[in-house]
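The same subunit A turns up in both complexes below, where it pairs with subunit B and then with subunit C.
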Partner chain A sequence: MKTRGMIILSVAVVIGLGGLLASLNLNTTKRQSLRIFVHDRKQALGLNPGQRDLEHMRIMTGLKDVSNVSCRHCHGIELEHMRWNKPRRRHPTPEGMVHSPDGGGLFVALADQNQVVEIDTATRAIKRRATVPGKPIGLAIAPAGDRLFVTCREADTVVALNTARFEVIGTAAVGISPVGVGFAQTPNGDRLIVANTGSGDASVIDASSMTELARVNTGREPYGVQTSADGRLAFVASRLAEMPHADQAPAAELTVIDTVRTRAVKRYPLESAHLSESIALDANRGWALTPMVRVRNLIPITQVARGWVMSSGIAFARLDGSEVVQMPLDEANAYFADPADLVLHPRGHRAYITSGGGDVVTVLDLDRMFEWLEEASPAARQRAIHDLELAHDYVVARIPTRRNPSRLALSPDGNTLYVAERLEDSILLIDTRTLETLGRIELGDGGADDPIRRGERIFTTAAKTFQSQFSCRSCHPDGHVDGLTYDFDGDGIGDNMLDNRSLQGLAGTWPFKWNGQNPSLAVQCGPRFAKVLMRTDPFSDDELKDLVAFIESLPPARSRSAHLTELTPAERRGRDIFFATHTPDGEGIPRDRQCHHCHAPPLYTSRMKTDVGTRGPTSLIDEFDTPHLLGIGASAPYLHDGRARTLEELWTLYQTNDLHGVSSYMNKHQLNDLIEFLKTL
Partner chain B sequence: MNTHPSRPPLPSRGLALALILLAGAPTQAAAEPAPDLPFPVIERFENFGPDHGIPASKVHAVLKTTDAELWIGTWDGLCRREPSGNFRRFGPEHGLSHKMVLCLAEDQQTGDLWVGTMRGLNRVSAGRITAYTQTDSGLPNNVIYGVAVSGDRVWVATAAGAGELQLKTGTWKIYDHNNSLMHEPWCYAVTEAGDKIMIGVWGGGIVEHDPRLGSFKEHRDPDRDFHFDLVPDDGPINDITSWLAWENGVLWQCTYFGMSRYDGRNWKTWVEGKSPLLSNFTQFVWAHRGVAWIGMDRGLSVTDGITWVNYLVDDNDQGIQQIHRPNQPVEIKPMPTALANQFVLGLQVDDEEAWIATSKGLSRGILAAPTKLTRLSEATPDQRNQ
Partner chain C sequence: MVVTQIPLAVRDDFRPTDLLDDRYPPGSRVALVQPGSTPSRTRVLSPAFHAAGGPVIGPEGDRVLFVGKRTAASTWQIYESPLTRGVPTAQTALPQGAMDPVYLTDGRFAFSSPVPKTGQAAAGRDLPELYAQQPGDRQPTRLTFGLAGATESTILGDGRILFVSGGSPQVPVTNLALFTINTDGTELSAFAAQHDGQARIRRPRETADGRVLFLSSALESTSTDGQLEHIFTARPFSSRAAIPGTAGMHIRAAEPASADQVWVTMPGQGTEATYGVYVWSPQTTNQASSTLIFDDPQWHEVEVAARRPGPKPMGRLSTVNENMPTGLLLCLDANYTGTTSSQEGMAATRVRFLRPSPEGALEWLGEIPLQADGSFLAEVPANTLLGLETLDDAGQVVSRLPPAFWVRPGENRSCVGCHEPHSTCPENRRPLAVRHPPARLELIQQGLAQQPSPSPAQ
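Take a look at the complex of A and B:
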């Protein structure tokens, strides 16, 4: 009786609330939220939606069967409620490091806190702080030590700091999302080379006037920069492979720039490799060295248990341009994922390389490596990366670190190696003579009480995969894409390539997976994923919660310059096309083929599966998850199988009878405008 | 429409010698600088063809970069001259969007080479070729007749309008009959003109674009007659613009019906028969130090607007040099060597040499030492409009 009474009371409350809705003076969003609350309560009580509700849902979705549709598919979505838009704890994460030429100071970029700090290397204490807005990340210092240059990833600038006053003395606008920066003294003046990850180029800056002299095309997502001793050349390592066709092996690029003539003079393709984030030069022996990940994405990813899906190595590029040799860092049953930074000891006998996923610094005997390189036959050099017995010959030590070691800095005398333990807010000091640790510089408490920080630790660790072969980050650097397609199980495996989707801006865009089968990120990253891909035990519930918290904290990628504030005329015209309900001739566009019907703002997804005629030659299904469009300009390739290498190809090569939006009326002007708008999302 | 006006017969070698004798010029004079000419003359040609690795007889375009690399665009690929003197070919197997290369331009800031082909635009940068087509980019059309680089923007003249690629943002803009003063979208040429862009429209004259203002101005043939220049010097000689060149405020226009020059205020036109211009079918013009080097179906004309030097190939493949001084008899000389072919498709000239793309190979014009370099700007207005 009591239960029945409660039900009756609940029904009465719900009905009463519904009746109150019309009389309350609420704005549209709040009214919708209240309606959803009422509707949810109705569903919870087993009450069916009314005929009017069903009709509304059918009209708005274009579906006859709306049994899997809820109000939340369309309503109650506000960007300000997305986790990535909410305030979160900011950590003193060491993202960039450079030593002062006199050895007295270590400069550290704390991107998350918009600060650059100087650490007294004698006392290991922070000596000075400078506020540098826009996520300062990359550092370079003039040989005289008087100027420090800082790239600001979110501001699209590089700033000059006077090290005496420790204040900003100049700013130059550069390309999108600058990271790496190198300083070069040339006969024509001081130069900065800035790797712009988002625009795929490098800015050559006059360091005196802080003006951009040229923008040199590089590989995709240029990241690390190293200048030659004479300042005439700059070497730029790129993270992503040039956009290959879905069935082609990727190859990232090492670009050599003439800093005087401001032009690329050499490009080294790194065969089947990518994710190079730094570079070092051994001018005496005539080689450039860059860490890399050898990726095997064209064969089914279930091979993890049979060996490897990716492995870490170093690419040795002869400075005369004649060859690139890839040598392994991994061992047969032990992998050291996500090689990040690489520095050479001043005397040239050793190299140090961080494994961001493996939590080690690997110490390499360069003499032995070069000896091997000189003695090996061309065929042996070509096969070296596949021989995981080789590393035994030249790995001197694997020095454990705290979580996620990334940037490295050597003291000018080469005796102390500084290792940024990124997700612990600390810097490890290693004596390079004894390879003993000398203690740590603690920049913060590590943030272990922050679920987002804990989630990023899970995201970046390789400890959760079979033999520590890779981490989540290995395919999703910065939570974004690696630009590749994988033979994955979205719609079958074996020649069924699947586009790797960005995790940035993913919050609220359920369901997940290209086939839309995973209703939440927790399911997506859950036990099945662990068994199929990681071939190991699944994350615990707490780990999963933290991992989801981290992923949901990632804001959408950006493919538009931070210097652009308002929409351009082309972008405005494109917006009109995106939201068009009629063609320019006045003909109505069916609701379910209007762009914004499936890609509904603010997330630009309907959160439903749709058949828009994009089934590929090897696809096994017709309906695919409607991807959100936030940051779409930065996440090529496109379609579930990565067939479309550019946004244009969605409508030029792979349009299917106006199913994927009515676009056949568009001329080239309109298509270009539409794409310009999409790149603003 | 007659785009190939009947041509007068070229002088045979015998007639040429007779003319030379009549002109009182020594027969060996070709190796010496011609006296009193305001610009350098070519004393002989070196020719390059299949023996030097050039894969096709038709060489459509030639470009010597600021780094002194020589590139040519041929019917069958893009070629770079190697230190050995031979040419190395790059084709679709190297990433080029199509083998038929129509035009070339250099980005002098970055050294990148932009290559227009019959199917797409290509960027050649330190050995890497990146292709842009109308299906994978905002390129208006795959047929690229002309390409130019202006600051951080690449301009293309295509069969469906002019395209502008902003290199820093990757943004494309298209200009055609829908959004500009363009009679039709078939564009043949584009060139930087100071802070403006000049677009040669095949049947629409010249469209002058000011990117700062977003404005357009049209230069059309005032008499609108395809066959005759009814009123000389009243505007572009014809609307069928086949090429444009701009230098120091002076625009040169090639058409299939003669040649024009525009200094920002006045137009000057030349047609075959009424001027030393070798042929009305002008195909390409290169401006250097106030002098126009004009390629056409009957050879090469060089003029500062006052003095003319023509380079022809007679029926016996003998190279002929004609010098037209104002108010003086024509001086005609045989040359030790001739152009690779009389149909000139592309040119590039600097102070050191002239490179000439022809319908049958590539020629290098060896310049005689100039006796007097006169810039057009130094000429009097009367001389300029003579």
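Take a look at the complex of A and C:
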């Protein structure tokens, strides 16, 4: 009886609100929002929309059946209301670290707070702070210790700090989203090598004048940089792999750059490896080492045990270019997900590597590893990464850390290892002689009361997956893509190869999943996800709330330089094509084939499923969720099954007879313009 | 601390009829005792039972499961008792009895049934299988399907059930080994000790420092005591070893009690000494450094149960769909052995599926061709013990896996190769078999199915 009364009251309120709507003196946006609210309440209460509403919905969507369409599919979407556009708490979040050559100071980039700090290693207290806008992340220091170089990921710059005054003395524009930076003293002067993750290249900078000399193409998302002792070579590890074809193994690239001639001199393919974020050199033995994840995305995910989906390792690349050997870090029944940073002890006997998902620092006996490398047959070396019992032979210790250990720094004498516990705002100190912990430097309170911070901890932990094999981040570094396609077995083995979609800019773009079956992120990340991928208990309700809060806080990816403030002529022409209702010949483009019809701004999605003729060889359905286009330039490959390696291929190799937008009239210049515009979104 | 206490003496006319009679003679009981305390503070958890033993403590530390029989004529069943107050309640009522209970992470418990009869051949029929059941439900779900026994189960930190089996009932048991399954019976996997020679394994227990302890004894031994061995979970197939300093010790049970302590039951020094409970550090290498923490001179404490140390084991959502009669089996390369693969040439070109007939012979379920990369994808009957033979072009058997695995309904099962090392990850290669629908097996004519297989070609 009480419930019935509530329903009658609700109906009355809704009808009353509807009647009042016209008489209220509201601006357009508020009026529209209120109208949607009233309409939604009507729908929720089972009241049918009016005939005019239905006609409007049919015309605008091109659908005959609009029973699953609400006003919210098209109206009331404002980017400023998206969670990623709202202010949030900023935490210290230690990222890059580098020691001063004299051992007295430890410089730390606090990306989230736009600061670089110097920590007195004797007192373990912050000595000085410098404001460095643009999300400072990577650090390198000149051998004399007088200059500190900082990459600014959101500003697309590298800045030079005078370490005496601790202030910015120079800035150089670089490629998109720079992260790793290395310093090299060359016969031609001091150089910086900067890994630009967003533009897939490395900038070579004259460190004296802070001018960019050249950009060298690297693998996708170059991240870690290490220069040789003589400064002539720079090694750049790329984070993402390229998939030549949906059926072929991906490979990441380790690029060797001649810092004098400013060109790539060697490209090592790392087969089925990705997520390499750092690199170290053992010049004496002639190897470059980079942590990596060995991915097995071509195999249907029928299980996760035995590293069926991925495992962690280190790639050893011979400096003479003759060989790459991948060696495992995991064990038969325990995994150490998301290897992040790798440093070698100055004496070369040990290596230290962080597991961002496993919350440990693994200590490796390099002598044993190299001994094994020298004695093993070529066939054994090639199979090494698949042997889950091998690491036990050379793992000296697994030292527990707080959440999400990332960057490492060694004191010049090699006796103290600093571990950035990224999501706890702290730095752990380890005595490398005893492997005992020496305490922590606390940079903040850890942010445990912030749901977004808590959500990121869940996102980055491997403890929620079977045997701690991987984290959400393992497939979504920075919440973005890994550029790979997977075959989940829930819908059949071999069916429905799925492109891994970015989580950046995802807020408000429901439904989720390529088949559009998940109405919310909570459903997307809920029990079904646990059953198919985590193979453990699902997240708790509280964990899910925090996880969703974090995902919705991720802004769209950026594939356009921060230095560009206005659209270029090509981008403007492309914008006209995107919003065109007629071809250049004046012929009308059917409404449902105009780009902006399905990819309607501001999110550039209709939030509905559409059949645009993109069914692929493994697809079981014709209608797919219309993906939003925010950051689309950075999320290759494309289509639900990842067939299209580039945006261009959508309208060339995989042109759908003008069902996926009318494009057959375009010449190559117009197509290029359209793509240039898409990259601005 | 919960212990099994057995009487110091057994009546001369007692003749055990099954395994548990032998293990827990009349008068045996399960009791709650305090370490370091006097026997007067003992609380019997199995009052008025003819015999009881095999206690395991629940994840919350408030309940205990054990096996017991109310009278000499009754069968062994699983009982649950609160630790503090209350009386035991029967959880099973199986005609052939139940044994070896273990709490699962989802509130259910698993157990083995039937209880083997005394003198029963190690390989044969009516060997124990694993079942799972909700407390109070009495509707067990079968988890294993025709192995050469599935007993001594325990739960691992990753949520899997670890148990002891002889593997295939088609092969004479010369070696008991450790296997795992998920709590819904999926993903049967070799865990350790498959190729380590002849020994009987009992009471595997995972420790907090990355090992599995277990007792081993010679197959022909009639003693329930054993040698304490361990394997490292980091490399379970190459690390099995006796724990130094335990040779010659008569250990009946070992139970991890904390991160750095193990409780063991063994006899004390001297001819009159009884079995007691000792605390022992895994790093300790001799009996002298173990410390007696409980011994009632009127009883032998032969088993001890501790609340599992460390974090609660992981849970897992079931992937079983009981409405489906079949599951899928995907093999990435049936010619892969760890050193050879189809890339070096196709030794085998077909695969034959086998199952044991009710009479114990092998039935052929069908044959399917291997793809050019050695892969196959087949739809196979669920809950059925299956074996495989790979065949060359001439029909000769290249390799043989006696019936020793199954798929659960709706399970997607997969393997890397045949007889490859158990800790091998797969190559990242898309198997050709997934480009086609799963091959369906049709039962071959009965007459053909009874034909013996040719011997392996190699």
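Criterion: the second predicted complex is superposed on the first by the 642 of 681 C-alpha atoms of A that agree within 3 Å, B and C clash if a C-alpha of one lies under 4 Å from a C-alpha of the other, contacts with A are read in each partner's own complex, and residues count from 1 in each chain.
Rule of thumb we're sticking to: a contact is a pair of C-beta atoms (placed from the backbone, for glycine too) under 8 Å apart; a residue touches a chain by one contact, two chains touch by 3 or more.
Model, not experiment: these values are computed from the prediction.
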### Task
Check subunit A with both subunit B and subunit C modelled on it and let me know: fit or clash.
fit
### Query
Where does A:Gly307 make contact in the superposed view: on subunit B (first), on subunit C (second), on both, or on neither?
second
### Task
Please indicate which partner A:Thr652 is in contact with in the superposed arrangement: first for subunit B, second for subunit C, both, or neither.
first
### Task
Give one of first, second, both or neither to describe whether A:Arg535 is in contact with subunit B, with subunit C, with both, or with none.
second
### Query
With subunit A's C-alpha centre as vertex, what's the angle to subunit B and subunit C, nearest 10 degrees?
120
### Task
Using the superposition on chain A described above, determine whether A:Trp84 touches subunit B (first), subunit C (second), both, or neither.
neither
### Task
Report for A:Trp510: first if it touches subunit B alone, second if subunit C alone, otherwise both or neither.
neither
### Query
Where does A:Glu389 make contact in the superposed view: on subunit B (first), on subunit C (second), on both, or on neither?
second
#### Entry: Nearest-approach distance, in Å, of subunit C Cα atoms to those of subunit B in the combined model
20
### Query
For subunit A, which residues count as touching subunit C in their complex?
247, 249, 271-272, 294-300, 302-303, 305-308, 311, 331-334, 379, 385-389, 391-392, 466-467, 487, 489, 493-494, 527, 530-531, 535-538
### Query
What residues on subunit C touch subunit A, complex-wise?
105, 156, 158-159, 187, 189, 210, 232-239, 314-317, 319, 328, 330, 332, 339, 377, 412-414, 416, 421, 423-431, 433-436, 438
### Summary
Counting only contacts in the complex, subunit A reaches subunit B at residues 175, 199, 201, 213-217, 253, 255-256, 261-267, 560-561, 568, 570, 645-646, 648-649, 652-653, 667-669, 671-672, 675-676
### Touching residues (chain side subunit B, partner subunit A) in the complex
67, 109-112, 123, 125-128, 130, 134-138, 140-141, 152, 160, 167-174, 176, 178-179
